[in-house]
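Below: one structure, written as structure tokens.
First chain written, first letter: the chains are A, B, C, D and E, and each begins at residue 1.
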Amino acid sequence: MSEVFEPKIVAFVCTYCTYAGADLAGTSRLKYPSNVRIVRLPCTGRISPMFILKALQKGADGVLVSGCHPGDCHFDHGNYHARRRWTVFNSLLQFAGVPEERVKFSWISAAEGIKFAELIREITEDIRKIGPFEEYHKLIAETGSAAPL
Amino acid sequence: MATLLYSASLNDCIARWREDGLMVFGPSTAGGVSGFREVEDAGSLDLDLVLTRSTLKELFFPRTEPMLGYRIGKQQIETEEFIPPEGRRIIFGVRPCDAAGMQVDDALFDWDYHDAYWFRRRDSSVIFSIACTHSDAFCMCTSLGLAPDSTKGSDVLLRPLAAGNGWKVEALTERGENALSSISSLLKEGGDAPAPLTDVPVKFDLEACRRWLADPENFESRFWKEISERCIGCGSCTYLCPTCHCFDIQDEGDTYQGVRRKNWDSCSFSLFTMHTSGHNPRATQSARWRQRIMHKFNYFSLKFNVNSCTGCGRCTRECPVDMGVTETLQAISTLQR
Amino acid sequence: MAKIGVFVCHCGENIAAKVDCTKLKAAMESHPGVSIATEYKYFCSDPGQESIKKAIVEQGLTGVIVAACSPRMHEATFRKACAAAGLNPYLCEIANIREQCSWVHSDGDEATEKAIEITRSLVEKVKRNNELQPILVPVTKRALVIGGGIAGIQAALDIANAGGEVVLVEREASLGGHMAQLSETFPTLDCSQCIMTPRMVEAAQHPNIRLLTYAEIEKVEGFIGNFHVRVKMKARYVDMQACTGCGDCIQKCPQKKISGEFDCGLANRPAIYTPFAQAVPNKPVIDSRHCTYFKNGKCKVCVKVCQTNAINFDMQDEYLDLEIGAIVVATGFQIQDTSLYGEYGYGRYPDVVTGLQFERLASASGPTGGRIARPSDGKEPETVVFIQCAGSRDPSKGVSYCSKICCMYTAKHAMLYAHKNHHGTSRVFYMDIRAAGKGYDEFTRRAIEEDGAGYIRGRVSKLWQENGKLMVRGVDTLLGKPVEVPADMVVLATAMVPQPDAKEFAKTLGIGCDEYGFFNEAHMKLRPVETATAGIFLAGACQSPKDIPDSVAQASAAASKVLALFSREKLEREPIIAMNNEATCSGCWGCVLACPYNAIEKKDITDRAGNLIRRVASVNPGLCQGCGTCVTFCRSNSIDLAGFTEKQIFAAVMGL
Amino acid sequence: MTAHNTTSGENIYRPAVMNIVATRDEAPGVRTMRLEFQDPLELEKFKQAYRTGMFGLYGIYGEGESTFCVASPETRNDYIECTFRKSGRVTAALASAEIGDLMTFRGPYGNRFPIEEFHGKNLLFIAGGIALPPTRSVIWSCLDQRDKFGKITIVYGARTVADLVYKQELEEWEKRDDVELVLTVDPGGETPDWKHRVGFVPTILEEAAPAAGNCVAVLCGPPIMIKFTLASLKKLGFEEENVYTTLENRMKCGIGKCGRCNVGSVYVCKEGPVFTAAEVSAMPQADL
Amino acid sequence: MSIQEHYRSRAKELLSSGTVKMVIGYGTGSTPDRRRPVFITSPDETDRLVLDKACRTNLSGYLLREGLLSDQKQVAVFFNLDGVRSLNILAAESQLETAQVLVLGFRIEGEEVTALQGERAADFKSLIAAAKEQRKSQPPHELQEKLEAMTPKERFSFWEAEFSRCIKCYACRQACPMCWCRRCVVDNNQPQWVNTSSHTLGNLEWNLLRAFHLAGRCVECGNCSRACPADIPLHLLNRRMSDEVQGSFDHYPGMDEAQEPVLASFRKDDPETFIL
């Protein structure tokens, strides 16, 4: 029997909403797959597209970017700026051939522990289905080996 | 009577070399861009090109290549070395100007410190050049004292036959002779007439230019600013030059392991010579263009007794703003008078 | 490299039951740059913290990772412990292996693997952390209160009475605002001026309050504790020092036919005037738009009658620069332009009046001396119709919000009318009666039950004049049939709207406002008095429609925020702020636009001779709140965020 | 990672691994480190090759390599000392390295000071700010065989007192009666208890007025200081041939291949970093 | 009078009257089909100016040459509408002031080159507005459409092949009128976000990040693709970005000099269908 593929997922979240939501999932003892690694930032406004590319370079099969719902930003409108950047970068990634399942964006508030747990379950399941990001892994492998003669 | 290789036999030659464990490279086109790539048969070769877009240099000095792998431990650093293996290669269909570029860089890479990355590949490669029967408006080998049938840097020189059905074969080195001996059964003897070589007009008086360049009075001439005013400071002329050899060393990887790489670099880039203090000896684009010209036609020849330009014309051919060595040296020729 | 200590907390069984803490410890021990890794049952306990401190001192640690519960829980605890041991607190990071690991994963091996990666990533981050020092901002202990209505006066008095220095700025010639115009106030029906004017006088005479009337805010710069405010002192043409307030000039002014603002156009005033009799300061101003001298270059009657030579036609606007520590914005409201509602006939029929005009009619100090009389003929109306929500709760023509006070003041108006005209009839068209508040519902019931106000639930569709009567047609939705009421006077409960220049003023202040122009609070629930700009607070109806008690309460709340700020010599702020590399900044100002706090300024780089070389962005540490939105915008990577630098995040991702 | 088998030593870009055995903070952002070779064979090679004046590429894997001189003299070649200012990516990493950490060294490269030609002559050392390290290496080379030289004068200046490096050694030199040490700081850079000179190096040099006869000068410092000091030396009668200096150009390979250190036809990494002032004068000045 | 003659005489006029100190235009190139940027400072040299359908390069980048505009004097530049738009963006991003730039506007349609009315950036507002409308209705780009129809895997391998050829000569950046950062992000090595090596991963990172930085700023002048010696269809990425900002935010770069950068501004009701 083949083993279940366990994807590596990196999440970039804001500390005020999604990080707190993830904490709430914890204090509520909700169970979700362990594939996700969270990187905490002050605000979604701080999350640069390069973070996503570096997570992929580090071998991530999926990336989640998440923050406060529109209107709830601790910093008033960091997430509105973030949303525009995501819109643009998301379409760029898709145009470059990064499957949409691999890079996801969400709003998760400090109260939405359940949404957080469910989303992680969902994303993990979706990426398990499409398997490792082999196309990208191949490019990574090339950087660590000799160039053709 | 001379040794001939008919085009019809080329495919068999390639097969023979490959059977002998050699890799065969030659001009071919992919994604609309021509360059030297490994080929399996004669059909993949693009021998009618005046010149490939990228140069032969790339096969010896790739644009990026790993030098050392490292893994950082708590008390030790493990390293692994990447030096290209000595796989033998035939490079077929090189233009004499590109081949001549090899000799230019040989000098530099063997100057006190013998650069194994370059020489392992040099020593294991046999360069089959084909003399040129065609040229374009940018070709200028004759201005550099070379010719459409120069032999510099080549191991074998092929002269196209007038009938267009093959080449007259001339071994220039022992390596060339060896490569030919393994296909000797596919070579013929005959008296077929060679095709006339292309006529590449001389575009400037090299010696006059060199005299002007050697005169320290001219170093700070207004000429440099005027001639390079439109230069945008990209690296395409240097990266497409068959002799430009500047490089950078960069570490790449994650926190614990990675690869130290040797990457092409360019004297056109403003950061190339920038000190960390912020002082930049060549702070302006005109200073950088002057360095490129001086280096090619003055400094390098002083040091290594060879011009580091072979007249391929790529710098002009590919320049986004239509600059290049030709225009500059032509202009210097006029200054002389 | 670094000397990092990793402290793995078991949290009793909370972590240790799932995560193999010994394995995590071992993994960290063998990690480059980690000097010591230990585990313990409760690192947040006293002995736990002590062991961290001891390790810092003994090992000379350059960074600390506590792998434990969420940083939202104990980051402060552990950072304080580090500081106590002499390690800069910002060299301590928390790896969350409880809420985001042991509590949410069932498989121990997986949880352990994840805990190792989380911790490793943070070890890599902390290696690149920099020592940060809290930002100390000096506080100018002087408050600026903008607006001299009840909210502004209350805030000013509260601050002043606690010993704070206050500058109170009012753009009209007198303190008082809308409250001074009111007759009686609900639900107690005490006389508005009777409770208001003593407050005005107290404010004007308070030794800690500097009163600037007929003045406007021109420019606000700086940041919390350190605002620089420019105030425009509009030319009054009357020397305040010389004027005794005798009123001779007002009496003699030949230009008397100017529609009086204070009386909402129900009475006239001269060109030199005080807005109302009890004005504070009670010294006149010249209305240069109407003054005969200013119009024709001749007159100067006032100059002639003035015994103290107080009139000065050459007076110019003057500017006053103030250093201010905190700002209370209490700029109040206006009433909506009711001519929007053609169907109500406002402006067309003189006896259709606004609620505020009715206040003036009912006021003892008003144009009628408190007699409720029709503007058209001065007769007392027999039937008065009150129309509620004349603009409020009407997204199509008016405003979509509820103006909050109209239900109450309409009931009050009906009551006052009943008290003054015992035979009259009052009819109130309403949508709902919103009477939440202490004694409020009882008050409206009294209007209906004791004072006979006839409430009709429904809207008015048309109003016309017929046989000297104002015919009001509406629907009684409870009965489900149309009604027509012949009235002598109609009172519109006009919507409360922000000041017309509120949006512009929000920009001057650098605060936010909503689509109408009501100023935004920092958080609707938890920070209703603060704005998003530190050091600027809100009071009264400039934030949203409010009645007097709410305005006063918010004013006192704002005052307490100001006083809390003034209780310290210096402000200490988290040093998580942006910083710009001026050498690489191109000055495109994208960051300036993106910053939610106007914290990025344009700075000139000059040569030694003072010639401008170029301009670059410069972060004001007093204003920056550390969101990092600018960092992501900056294409050249020139701006960075302390505590979450590009290097740190790069390392954290690469360390995963 | 797929490694190819190579004969050891063939790769001229492979550095030696060094142990950091001591560190010292010299001035704000300036640090000295003492390094020891992990591999005794590498140490042997270094001892064979190293002569005062040479430089090396100091590195941290993952960050890269940075070029600076070997600040320790050829007379003490069991270890390497280097002094650097934290400015770029590599030096930032080196600045946060601790004793016991590992780093790398590639070299020694370049030419040397012809110290035996200095025998029997008076020596004048002039240095500014962070440029004392290359001078210091020559100073110790000469002090370690003191009897071979005549009078030794050291003129060293920095912007402020805090910016002076090798403070302990300055004290030591000051105490020796076979060395004349002239210390100075730029006007405004002095502290209340500063008992040495105040003024720019060229001025102070002219005041000290060392005799040019039978004297060799070694001059290191920032370009602007070099320019003015050379003029002062000329005034004092020094011939350009008797003034030695070093060039500190940006380098990547250190061995004459990568192309960035060229000044005119000179490859600073191979034909330098030590030049006489006469040699420097012959270079295209605009490219310095 | 041909447009070329017209502008030659206008250039002469501007230079002799001292209205401008320099005219940046096109001159003959090293082959008959090539044009090269020329910098004319004397009225006697205006005959060197050429204007025909081969004049495709957007010259606005030259305006930012160090020191060129620091003396407050004016410079005239040959611009097609894309060029005017990039001029507007440069002004919107505070890199220059349009008052210092005199536009010699032209439009190339097929074989024909016509003059654009106006000489100040603001004179072209209505033309730009029309171009914005026109862009909405223009037929989709063939290769772009083909790409959009592919599976992500196919698209990825398309770009992998394209990017594998990139030699990191940065001609795209240097030729781009919008790449004027004092320090390019790729030249920041603390941290080194973008791998500088020209392996495919480094090339992909570089080209994607560049496309992102140009989102809402690219005027689709085509300088990048023309400059690329590896013939990578870079304009496709930029085009896709332009589609996105126009579709989602109704943003057409370079409308005027007061336009706010699309990524430094927002609307509360921006679309967000992809956000979970």
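Note that a contact is a pair of C-beta atoms (placed from the backbone, for glycine too) under 8 Å apart; a residue touches a chain by one contact, two chains touch by 3 or more.
Keep in mind it's a predicted model, so treat the numbers as computed, not measured.
Asker: Component check with chain B excluded and positions unchanged: what groups of chains do you get?
Answerer: Groups left after taking chain B out of consideration (others unmoved): just one piece.
Asker: Taking each chain's centre as the mean of its C-alpha atoms, give the chain farthest from chain B.
Answerer: Result for the farthest chain: C.
Asker: I want to compare two interfaces, A-C and C-D. Which one has more contacting C-beta pairs?
Answerer: The comparison resolves to A-C.
Asker: Among the chains, which is located farthest from chain A on the basis of C-alpha centroids?
Answerer: Here the answer is chain D, farthest from chain A.
Asker: How many angstrom between the C-alpha centroids of chain E and chain C?
Answerer: 44
Asker: On a C-alpha centroid basis, what's the spacing between chain B and chain C, in Å?
Answerer: Their C-alpha centroids are separated by 70 Å.
Asker: Hey, how far is the Cα centre of chain A from the one of chain D, in Å?
Answerer: The answer is 50 Å.
Asker: Need the CA-centroid distance for the pair chain B / chain D, whole Å please.
Answerer: 38
Asker: Which positions in chain C touch two or more other chains at once?
Answerer: In chain C, 583, 594, 633, 646, 650-651, 654 touch at least two other chains.
Asker: Residues touching two or more other chains, restricted to chain D: which are they?
Answerer: As it turns out, chain D has residues touching two or more other chains at 1, 4, 88.
Asker: Give me the residue numbers in chain A that touch at least two other chains, ranges are fine.
Answerer: 54, 58, 77, 81, 85, 143-147 - these are the residues of chain A that touch more than one other chain.
Asker: In the complex, go through chain A and note every residue touching chain E.
Answerer: 49-50, 53-54, 57, 70-71, 77, 80-81, 83-100, 104-107, 119, 135, 139-140, 142-143, 147
Asker: In the complex, go through chain B and note every residue touching chain E.
Answerer: Touch residues, chain B against chain E: 30-33, 53-54, 63-64, 137-138, 229-230, 232-236, 238-240, 248, 250, 252, 261, 263-264, 266, 269, 271, 316, 318, 320-324, 326-327.
Asker: Using the touch rule from the top, collect the residues of chain E that touch chain B in their complex.
Answerer: By the definition above, chain E touches chain B via 29-31, 34-39, 57, 61-62, 161-162, 165, 167-171, 173-175, 187, 192, 195-199, 202, 223, 226-227, 229-231.
Asker: Under the stated contact criterion, what part of chain E meets chain A in this complex?
Answerer: 147-148, 150, 152-160, 193-195, 197, 199-202, 204-205, 208-209, 211-212, 215-216, 237, 240-241, 244-245, 248-249, 262-268, 270-272, 274-276
Asker: Could you list, by residue number, the parts of chain C that touch chain A in their complex?
Answerer: 70-72, 96, 98-101, 103-107, 110-111, 113-114, 117-118, 121, 512, 532, 576, 594, 596-597, 625-629, 631-633, 641, 643-644, 646, 649-650, 652-654, 656
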